Every structure is written in structure tokens, then in C-alpha cells.
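What follows is a set of structures for review.
Both complexes below contain chain A, partnered by chain B and then by chain C.
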Partner chain A sequence: MSSSHAKDPSFLGGRIPPEIESMSRNLKDVDHELFRKLLKAVVSALEGKDCREVMRSVAEGSVIPQERLSHIIAGMHRLLSEAIRIPPSSLKQEAFKDDLRMLKMPEDFITDFSSVVFGSRRAALEAASSQKDPHLPTLEEFKWRVDVSISTSSLSRALQPSVLTQMKLSDGTFHRFEVPVSKFQELRYNVALILKEMNDLEKRSILKIQD
Partner chain B sequence: MADVEETKSQSGLLNRIAQMVYYNKSEITEELLKDELYPEMSREEFKALYDKMKGLLKSIAIADMDHSQLEAFLTAQTKKQGSGRVSAEQAAALSRFWKSQRVRVRESLLAQSRWETTLKGLSWRVDLQAADNLRNSDHSDPVALMELELGRDGQDSEFLCLEFDEARMNQMLKKMADIQESIDRVVHHA
Partner chain C sequence: NFVKANSDVISLPSRKSHRCFHIYTVFISSLQGERTFSEEEEQKLRAALSLDKRALNLVLETSAFILEQAVYHNIKPAALQQQLEVIHLNPEKAEVFSQSWAAAGPELVEKLKRNIFAPKKLEHVGWQLNLQMAQSSQTRLKSPSAVLQLGIKSEDSEAQENVFVEFNHQQLLEFYNKVCYINACVCVCVCVCVCVCVCVRVCVCVCVCVCVCVCVCVCMCVCVCAHAFARMCVCARACVCVSINPIKDTLLIPEGN
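Our next item is the complex of A and B:
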């Protein structure tokens, strides 16, 4: 037997997550067709789509008890999430397959998993998971209007422009507020400054995190 | 000697009136003012003086008078008959006061007619995303975090925290340019 260097730890870490172990056990005597249906549903879920209907119909059409199916689904979800986390430069397809072989899964299943992780759908999966990052609300819509007050009860010739703003945020909230011209200048100046900072950061690439 | 005192009292009176009416410092009352500035005057006398000065100031402020308008106005007031007449010292005090406080009073009056929530302040920072628990980051994109302070007078402000990537920030800048263009057009026509 040729001496090989010690195998790198599985991409799943030192300890296989329990959902994945449970999945392997429950995949015994699951046929390929069912496996593919489940995998397809899990991939849809990871892409952010609502899969309850699909899951229900798969469960109903199958002889496998629901509890076993849920173990499989949980495991698939975990396995794919972990795999997508790691950049393809760090986890190569063969290593991924080897790690799955350690789980004693049928080769067909391994190929299917691999084609999800290293295939064309990966980009969609990555994009969807970045949506779940913790983040502050973003600006979805910005409407504005410039008003000039001609006269007020305490100033007969006001002639003062003002900017009325309505923001719609990604969390669904609306915020309406007025921006006096002086504050507007300040806002505009700062926005330009922020952009300059962002551009500079990219040019300098202070932190190049490479694996 | 008395003249200097009188001048000080006149200026003091006007300043205090401004603080009460325009700058929202309401701890000052007529009573306190009288005791501070004109202790020997009777209550009625002081009230007449106070009302007169306040009225004059209001006329000047509402019209946002410029120098020539103010001079014309004050001259007319000094030529009046009876109790409405303004003395030369009073006119001088009003003139001095308005020269230094005109802008501030105007700002205050404009602010008084802003009943909506306004943007009071802004702070920001730019971060580089290094890592997160869901996916890797080969590409560390800069992220801008902005905190907007929105509020109304007399109420606590609300702080709005927003996140922007570069694309969104660019869009914001473009909108700001559009708004600026709009303001410029309006200002030139006014």
C-alpha cells in the first residue's frame, strides 16, 4: 500500500455534524429518484424559494416515513450550506467527493451533491446565502421633491427651498423627512466623501484575504 | 453715566425678548426682566415698554428688513407722536440688535415653520467585509454604514441606520446631483 500523506480533515470539520450523520443512516434504501426529488427541493429552499408544497407532495408520494425524510432533508441542507461556504479554491471537487465517501453514501448520490456544489447552480446558492448575512436595512427606494416656501405666518418673504424625502427600506419601513438646504449640502458632501473612501479602499485593497 | 446704563438696558431688553420669542428660551418672564433691567420702573410702565419693543422687533423680523428698510422704518417710528414714539436711543438699540441678530432670527423663524421631521445629523463609516458565518469572502467589498438623525423640535430624535454597497451609494450620489440641479433652478428663479 502506497504511503499517502495524512488526509486533510473533512470539509465538515473534525466531527461530522449530527444532521449529516443522521442523513447518511437514513439514506439507506432510499432510491435514486426520491433522493433527487429531495435534493432538488433542498436546493430550491437554499435559493430562498418557498418549498413547503413540494416537500409535502414528495412526502405524501413516498413510502418512507416523514421522520426519516426530515432527517435526510436536514442533513442535505447542512451539507450543502457547509460546502457552499468554502471557496472552490480551497475545496476541490475530488476532496469533496472523498469526504462524502467517508460517509458511506452511494456514489450516485455523491455525484449529485457534487454537481450542485461545483456546477452552474452554485452562483445562485451563494447569492441567496449572502442575503441571509446579518446586515442593516438597505435603501430600496428614494423619492424626493424640492419645495420653496414663499411665506409663513412669521416671515412674509421666506423664499426658502427645502427637500422633502421619502425613503423605503429593505425592511419594509417608510421614512419621510425634510432636509433644509444647508443640511442637504452636508448630506451631498458626505455621500461623495463616502464614495471616494469606498473607491480608495478597493484600489488599495488593504486586506487581501486569500486562502 | 445714565446714558450708558440706559443703552445697556435697552440692548439687554432686546436680547432677552429675542431669546424668549425666537430662540425658545422660556425661563425668562416679564417679571424677571423688569427686575433685572428696570427695577425702578413701575409694572405698567415696563409692560408698555416691553410690548412696544416686542412689537417693533416683530415688525422688523416678519419683513426681514434690510438695512435701508430698517432705517426708513426706524426714522418713521422716531417721528411718531405720543407714546408710540421711539426714542433715538431705542432706535439705535434696535438697529444694533438687528445688524447682529438678523440671520439668526430668520433661521429661527424658518425653523419654526418646519413641522415635519427633519434631518438633523449624519454620521457614517466604511467597512470592509472580512468574513461571515454563511459563506466565504474572496471578494471583500466595502460597505458603507450611515446613521441619520431624524427629529422634530421638542421630541427625541430617531436614529436610522442604513447600509450601502458601492452601487447603491453611486445611485444616491446621482440623485443628490439631480436634487441640486432642481434647487439651483429654483433659486435662480426666485
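Our next item is the complex of A and C:
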């Protein structure tokens, strides 16, 4: 049965996840060098890179049985994912280290974990993990062209501008369409309106409440 | 055919022809080359105007042609009447055409100007502002996100395709900056349109008038005129020189056609 901290609950919640518990058991007599290699591979995996080769070479070069290694890797992955979930404003480095000390982890390992979670690679980890979350496509590329139709089959002097837009979205779709001037002004007005609403929202007190 | 139709038109009693052409002007707005009157309506017209089927067709086609030409050249009602009299149309009938054109013409020309055809057109803009509190990979977010709905209609289908695009604050700001830049280009385009429009009429006076009034477009006028219409070069240079004169000295009302 896991025990929670006397004052505040650990960042891992009231109940320590089983992978992390088994990891802390299996980290005994793992040398620092091996730990660092494993941590590096897990961080690459979290960033979305393929690290099967790296894992295989680490496993082959190590005296520790594969089963134990797999427990360690699973625990590391879970620990880092949970730590990245919480914004740095809510989870401070010292509190994080204290929570890890509760798991009876060696101090060196705690320092290494801490440098990943609070270091420069955090932004990349956050970006990679939020990719997997559901979201609507965002605008990746926006190309446009302003045309003026001088003449048409119905009018010798039409002289109407129009905007041809091409949007490439993050899900890979392309949309090419014509925007008449009146609709374009409507679009511009609406975008300005959303920006104003966003600014008002960000100023409101709900966002200033720290949790 | 045109002359024959003329004689049919001439032979129509004035009162009836007025009604006929008035109705027709309303329907010409489709200008799609399809039949503007249904079979039933044509029968009624034939009865009302005492014409046989062939004669009615001729009259309708001729009227359509006259009105299409009027739209194409955006002719003034007085000029239209004059042109019709030149081709020996009864002055009374010419006046009827002219009056119908004066009533419905400008609106029709505006409608056609706005009617751009493109495979896909933006028809509807909608949006939603959300405050994202959390997601699987992150808690305690509080990040505003906007969803823009663009309703795009294809030329060949009635259904509207909805495209949803999500923006965070930074992305929306960048998008807005691009949209503002496009707007500036569109405004310049409108100035250019005016310059091109007047330049083509080869009327130095008019050019001067426009260019002095709207200083911004002076340069654009010069570029477009010099590049696109070589023989307008003289016109363009005249514009630049006169631009330094105060507006009241050079305010001339252009004689349009």
C-alpha cells in the first residue's frame, strides 16, 4: 500500500502508480551510467523519436535482466509524463525532489529527473505530448493573392477586387477558395472581435487565480 | 433577325410593350442563357401581345440582346435611347427601353460586378472562443483558444463545406496581421481600379481630377498606366505633374459615357 505525504499529496496523486513503485524497487544496484542512458532514451521517446535501436543496444550491453529494465523504463516514462502534466508554476522543483525522496530514490537519480523536468528540454516534451491530444487543425500556411477583374463576359468594365486564399492546415488538408471583398471585410471584423474578446478574457480575474 | 424583330416590336401597341419590357428587365438579371419564361408564361405573353410563337421568341431574344449590350457597356439610359433610335426603333419604344434600363440597370450592373465566379467561395464566417482548462497531457492550462468556422461553397453543389481552424492567441494575432496587410493591398487595388477606369477613357482632365483628390494612388496610377496601357503614358505623367495643384483649381466633373 502506498503512503502519501503527511502535508501535501505527492504530485503523483494520492496513490503512487504501480509502474513507479516497481521502478523504485528495481532501481537498486543500477549504476548511474546505465540510469543516464535509459533516461536519455525515455526522453527521446517522449519527444516522439524512435528509440528502439538505442533501447536494444542498452539492453544488450547491460548485466541487468530485461524484465527489470522494462519495469524501470515504464516507471521513468510514467514519472516524466506525470511531472510534465503539471505546470511549473504549480509544481516547484523542491517539492518535486521531496516527492521523489519519498520513493527512496538515490539523490543522483533525483537530480537527473529534476534536470529533465525543469530544464531546457521541457518545452519540447510539452509540445510533443500535446500533439497526441485531440485538437482541431491549426493553420500551418496561409497564402493569398489579390486579383482585380477588369472585364467579364457580362461587363466590359467590372473592376472588382477579390482575394484568393490558400490555407494549409496542420492535418495536411489544403483549402483554396475565393473571398469576395465584402466577405473579406466580414472575416477581418470577426477576427478583430475574437482578439478583443480574448484580450478581455485574459484580463479577467479567473486567470489570475493561482492553483 | 434583328430588323425583323424590330418590326415586330414596332408593331406592338405602346402600352403592352412597356409592360413586356419591364417584366423582361426583371428577368434579365439571370443572364444565364436559359429560358427566362416558362412555357405557361410564354403562352400568356403570346395571347397578351397577339404574337405567334416565332415572333415572340424573336422579340424576347432581341430585347435580351439589347439589354445584354446595355449591361456590358454600362451605357447611360439617354445614350441607350439614342442608339436605339439610330437603328430605327420607334422613339416611343426606345424610351420604354431607356426607362426600364434606368430603373433596373444600375442594380443589375452592381449585382454582376459582385458576382465573381470561382470553384469555391467563402460564404459564411463563424467563430467560437474557448478557454481550455486541461487536456490529457497537461492540467491547469487556462489557455484561450479560438475556433474559426469558414463556410465554403462549391460552384457545383448546394452544400456548404465547413472548415474549422483553431488558433491560440499568438497564432490569431499573426493571422490578423496578415489579414490587415491583405486589406491594405485591397484598398490600394480599389484606388488602382479607379485610376485604370478613368485612364482608359483617355481623358486627361478626369485623370487629373482623380489623382489630385486621392494623393495615395498617384504613384500606383502612374505604374499601372505606364505598364498596362502603353499609350496612356502621357496621361500618367500629366497626373503626377498636376498633383501638386490645390484641389479646388482642378476639380472638374468628368464627362462619363
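Here is the rule we use: the second predicted complex is superposed on the first by the 156 of 211 C-alpha atoms of A that agree within 3 Å, B and C clash if a C-alpha of one lies under 4 Å from a C-alpha of the other, contacts with A are read in each partner's own complex, and residues count from 1 in each chain.
Keep this in mind: a contact is a pair of C-beta atoms (placed from the backbone, for glycine too) under 8 Å apart; a residue touches a chain by one contact, two chains touch by 3 or more.
Just so it is clear, the model here is predicted, and its values are computed rather than measured.
*Asks:* Going by the contact rule set out at the top, does A:R52 touch chain B (first), chain C (second), both, or neither?
*Replies:* After superposition on chain A, A:R52 lies in contact with neither partner.
*Asks:* A:F184 contacts which: chain B (first), chain C (second), both, neither?
*Replies:* After superposing on A, A:F184 lies in contact with both chain B and chain C.
*Asks:* Touching A:R15, do we find chain B (first), chain C (second), both, or neither?
*Replies:* neither
*Asks:* Touching A:E197 in the superposition: chain B (first), chain C (second), both, neither?
*Replies:* In the superposition, A:E197 contacts both chain B and chain C.
*Asks:* Enumerate the residues of chain A that count as touching chain B in its complex and touching chain C in the other.
*Replies:* 81, 84-87, 90, 126, 129-130, 132-139, 142, 144, 146, 148-149, 152, 154-165, 169, 175-181, 183-184, 186-188, 190-192, 194-195, 197-198, 201-202, 206-207, 211
*Asks:* Give every residue of chain B touching chain A within the complex, in rising order.
*Replies:* 61-64, 106, 109-110, 112-114, 116-120, 122, 124, 126, 128, 130-132, 134-138, 140, 142, 144-146, 150, 160-166, 168-173, 175-177, 179-180, 182-183, 186-187, 190
*Asks:* Which residues of chain C touch chain A in the complex?
*Replies:* By the definition above, chain C touches chain A via 31, 68, 71-74, 109, 112-114, 116, 118-123, 125, 127, 129, 131, 135-142, 144, 146-148, 150, 152, 163-167, 169, 171-173, 175-176, 178-180, 182-183, 185-186, 189-190, 192-193, 196-197, 200.
*Asks:* Residues of chain A touching chain B in their complex?
*Replies:* Residues 81, 84-87, 89-90, 126, 129-130, 132-139, 142, 144, 146, 148-149, 152-165, 169, 175-181, 183-184, 186-188, 190-192, 194-195, 197-199, 201-202, 206-207, 209-211 of chain A touch chain B in their complex.
*Asks:* Contact residues on chain A for chain C in the complex?
*Replies:* 81, 84-87, 90, 126, 129-130, 132-139, 142, 144, 146, 148-150, 152, 154-165, 167, 169, 175-188, 190-195, 197-198, 201-202, 206-207, 211
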